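Next come two complexes built around chain A: one with chain B, the other with chain C.
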Partner chain A sequence: MTAIAPAETASRLEDQPGSDRPKAQKSPYPYWFLVPGGLIFTIFFLVPSVMAFYFSLTRWTLFDQEFIGLDNYVQFFREPALASGLWHTIVYAAVTSGLKVVLGMALAVLLTGPILGRGFMRSVAFFPVLVSTIGVGLTFQVLMHPTKGVINQALDLIGITGPAWLVDPDWALLSVALVDVWQGVGLATVIYMAGILSIPGEYFEAAKMDGAGPWHRFRHVTLPLAKPATVSVIILSLIGGMRKFDLIWAMTKGGPGFTSDVMASVVYKQYQAGFYGLSTAGNVVLFLLVIGIVLPLFWFFNRKEDPR
Partner chain B sequence: MRLVTALAAGTLSLALSACSAGSLGSSDDEGGGKTEITFLTNNDPSNVKVAEAVIAAFEAKNTDVDVKLDTRPQGSEGDNLVKTRLATGDVADVFEYNSGSLLQALAPQTNLTPVTGEAWVGDLDPTFKQVVSAGADVYGSPWGAIVGGGVFYNKPLYTRLGLQVPKTWAAFMANNAKIKAAGVAPVEQTYSETWTSQILVLADFHNVSAAQPDFAEKYTNNQAKFATTPQALAGFQHLEELKKAGYWNDDYASAKYNEGLNAVAVGTAGHYPMITFGVPALDTAAPGKVNDVGFFALPGDDASRNGVTLWEPSGIYIPKSTEGGELTAAKRFQAFIASPEGCAANASAAPVGGPFAVKTCTLPDTVAPAVKDLSAYVDAGAASPALEFLSPIKGPALEQITVEVGSGIRSAADGAKLYDEDVKKQAQQLGIKGW
Partner chain C sequence: MTTRTRPNHWLSALAIVLFAVVFLVPFAFIVLTAAKSQTESALLQFSWPTEWAFVQNLRDVVEARDYLLIIAFINSTILTVASVAVVVILAAMAAFVLQRRKGRWTSGLNLVVLSGLVIPPAVVPTIWVLQQTGLFKTMPGLILVEIAYAMAFCVLLFQAFIASVPRELDEAATIDGAGPVGLFFRVVFPLLRPIIVTIVVVQSVFIWNDFASPLYFLPGDENATVQLTLFTFQGQYTNAYNLLFMDILLVTVPPLIMFMIFQRQIVSGMVAGSVKG
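Moving on to the complex of A and B:
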């Protein structure tokens, strides 16, 4: 092998859409070709989005609405559940995202290594991703029952008194986050496996020749070259974590009290209560929050990836 | 106001043999000349059983009408479905929906057919009539029975320990101390189903209005607050006091409603604050133990004003979109439900949790002791409607707040203050003057 091949591969890995933007081209289709797609986009996406922004400025009962300017936003930010909900959202997103990066990487290293029944093990790691989230939530609700649940009974056997998990105010949010990690780590693993498998074997050979141990090969070859995978995992799991709702609702409904309420469940409860304008405002805020956190992160990672 | 909808959810839990809505009342359309109307109610299995029985009895008497049963989810989800269908003119010809404050959210004047002049309206219990009215008009007939909020207690345990039914909070706490000393959990709480946590606050309303008759009005006008009215704050304080005294069952945080009913019926708990719509479910939760459960009103400070807080049944309404022959048929169906035959059909399908809201209906002799205990308060006039029937405003987050206070996460004073904020939001949403 020549020394050129790895460099080429590396630069291919680092190719991002932003780095060589295609020149503005004349569309090969006449404009009327765009009409059906444009119509669907306008009716089902553009109009509802604009209406959502409008209704977030009203007090709306489905039967009539009253324009109240920014009052909903003022009210939303005054909401006592909001401050804690916001904090829970960030904690939840950070915990799930962090654990998915660490565990996903560890699993991917394991599953790309020379182990027995690799194909089977890979499928098993991915299975939870395919299961219905509500089903997972309800199952774990039973498993995590403080006295009758399998988890605490197992802990009892080895002499540990487990926490009350979902019904302990200090543990509720964390319990849901752990289940989320269990369910979602398979996806992170697959992304990492793709990242690791695309690293040319020559790097590992060369590192070995130079006397690098397994840790050094991981730290200085795998980790840096799997960085695009890390970026994808972080961004995807952060977005997923911040707008997580189904699992939390199935497991705790934001409880006990408000101790595992996140933005999405606060908004949902407002819809339930018939505060349509207020909850629409909440959704707009959630949308801005996700954008406000993810976009800068995206730029940050992309910039770091493009040192040349 | 999830409590009222929990009414439905309360009776429930019974009869798990769910009949699918599709299989109901589907006689052929070929029977020419029949008027077909659709009746929409919630999908709780025992409620569906009642609906089927009432429809069968109605069709037996009115052979020219074919009633199709349609069901919707319970709770807020179902409420939203009804609202959406009403807003789009797509609701059933006649439907069941909450009475009281939630009814006001349907804007009855614009969306429902007034039935003020109908003959059966005169037979309605006056309080019920008030909670299905808007402005000067009446809109609904009663679906089910009036139920009372208070405390279920285990009668054998009371006999064994020589306890008396308490008429003051102090006497109640003294009973709890003795029950605890006997090694039994004094008070059952079931926070896995959050709506059950509100009873100690909501069912205390008789005591609030006994001390301050104009509380409901002042509360609606933004002049009285839970946090600053001692009698109203008491409900929250009771939760805090019981928690601090260690009187809850050990698994209060994870226990479910049915486990609570079971505990008080078999005597692993002395008391369970609940509404009597739980009576039918008692038999499923603890078969054969219904007669071991008694009921008393939530005690307040003053024994002479001891009385019970009542929840009115939900209503049967006709939307403005129902016209012509369907309207006539729907009105006959609505009237049938408010007649003795309607009540009898109801009672034949499921045990009742309290007296009917129609004067011409009587309770069967076989009712459970807890229901007899409730009727005694009602007959003695020692009863007030719950706040949600006197005021259109009930904050939606009460159940989370009471879970927090009852779990020791938040103090009673803080909880009451937070609830006042919640109430304010609801009042503004409803566009009530003075907020």
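Moving on to the complex of A and C:
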């Protein structure tokens, strides 16, 4: 159930004989089974995605549209308030993804090690994944209150003056990213746990025999063999991070100023303001960003995994 | 690798305390604040309530804004149940054919399905489609959009599972005279039970928690969903933190129940889904 990832190409070859059966006989696998689901997917997902390229070239009010070429894109990149959203999106995705990899790995190593209360800790860390992101955002908005918030009160106790978190322009984006990590690290942890538990125990034994200490066992056994898990966590959290909207909207609405605006919140703001063409251009930029980052990663990781 | 080494008690205790502080304190804060009086909750402290106003707060939240919360719960339930029920059946049918018929055609389609996991949905053009079809600001419209967004994830999980259902079964049923529909719904579909449970649970939680789609495609108070009311609640009752946190608590209860019953399926489903994607 766990490691079913990149075997796609291999299984296609194995299944080839099945499709060579006599065509005259009616197949028990009729293509019309694809129609109802495919129709909904096409109309409400694929068509809008394709149409977005056209609409992003128009001045558009949903009722009439005027073709204006690349003006929306020009405006997007010229206005710092909009263009900075692109940069923030990249920072946000990189920070959340990096922290989820490091912390997820660390927690998974801890929870697969010689330790009591493993089930409890796994449940506790995973539950936030399932909680309403809006609820999490509003809760942390209160916990991160600059003076009265529980987090800064606790930091005061150990003599640290905490930052103003969400109301400090330098910290706002990072604060939301930290909450994102808090909420999502449980998923990264269970992905890593599945990856680590699928490593045969003999490898650790053998390394131990050869005199490898815990650090070496981690560095040369766990880390390379858990690579598929790392790939999943990176790609998943990059995609999630770049598309993030609800948490940021609940916590800062892109503020203070535009310091925590990301692509998804820019898209929403322009939509609210009635600039549908510009909003859609933002959507296309986000689309290109996601594709531009994820496709090379896919290609890179799959290529390096082949020789086995 | 774990069985031979003795559990480290100090490390265990430290880890448990750390996990509890980091992951449980925010939830404890929600519960405690939801039980406080308004003035006490405004202090934003992590403390035991001096007077328990839990029931009173519960009543106030439910009654607020003409029982909007009840409407929102009903709407969210309709949205979740309808979307999940439809997507499970349609995705299973599609995955069955995609898995059984391997070829140039279907592998192309698989790429399209995969794109559904990666591409950020184009929101305003989706509104345009909904308007053209007369479904904008309607519950059926939102349900169809949720189905479309959930389709890719479900098809991929179903495909992986159907690969483990032996083809001989299909052949036997076909020889016994079952048509494609009979074969699928009478023979194959019942065998998919484990993965259906996983998908139902995971997708229910996703759709229940979805904020952006209702925000764009089903605006307006009369159609409110729980996530939207939670968000607007904050704007309208700025200082009533006790009521805000009671609202958060109520919205969190359904996923919590799901989690307590189906923890194993949720974890395995989300791991499989993410590894696949």
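Note that the second predicted complex is superposed on the first by the 263 of 308 C-alpha atoms of A that agree within 3 Å, B and C clash if a C-alpha of one lies under 4 Å from a C-alpha of the other, contacts with A are read in each partner's own complex, and residues count from 1 in each chain.
Note that in this section a contact is a pair of C-beta atoms (placed from the backbone, for glycine too) under 8 Å apart; a residue touches a chain by one contact, two chains touch by 3 or more.
If you're wondering where the values come from, they're calculated on a predicted model, not measured in any experiment.
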item: Chain B versus chain C as contact partner of A:F67, first or second or both or neither; value: neither
item: Per-residue touch tally on chain A - higher for chain B or for chain C; value: C
item: First, second, both or neither for A:W299, with chain B first and chain C second; value: neither
item: First (chain B), second (chain C), both or neither touched by A:K253; value: first
item: Partner chain in contact with A:H145 - chain B first, chain C second, else both or neither; value: both
item: Which superposed partner A:K269 touches (first chain B, second chain C, both, neither); value: first
item: A:V167 touches, of chain B and chain C: first, second, both or neither?; value: first
item: Touching partner for A:I40 - first (chain B), second (chain C), both, neither; value: second
item: Chain C-contacting residues of chain A that also contact chain B; value: 62, 145, 271
item: Residues of chain C touching chain A in the complex; value: 1-2, 5-9, 11-12, 15-16, 19-20, 22-27, 29-30, 33, 43-46, 87, 90-91, 93-94, 96-98, 100-103, 107, 109-110, 112, 116-131, 133, 144-145, 147-149, 151-152, 155, 160, 163, 167, 170, 173-174, 178-180, 183-184, 205, 208-209, 211-212, 215-216, 226-227, 230-231, 234, 241, 244-245, 248, 251-252, 255-256, 258-259, 263, 266-268, 270-272, 274-277
item: Touch list for chain B against partner chain A, complex; value: 76-77, 79-80, 83-84, 86-87, 105, 107, 110-111, 191-192, 194, 251, 253-254, 396-397, 400-401, 403-404, 407, 409-410, 418, 421, 425-426, 428-429, 431
item: Contact footprint of chain C on chain A as seen in their complex; value: 1-5, 8, 11-12, 15-16, 18-19, 27-31, 33-34, 36-38, 40-41, 43-49, 51-52, 55, 60, 62, 110, 112-117, 120-136, 138-140, 142-143, 145, 148-150, 153, 182, 187, 190-191, 194, 201, 204-205, 228-229, 232-233, 235-236, 239, 242-243, 245-246, 249-250, 264, 267-268, 271, 276, 279-280, 283-284, 286-287, 290-291, 294
item: Chain A - residues contacting chain B, complex; value: 59, 61-63, 66, 75, 80-81, 145-147, 164, 166-169, 253-259, 269, 271-275, 278
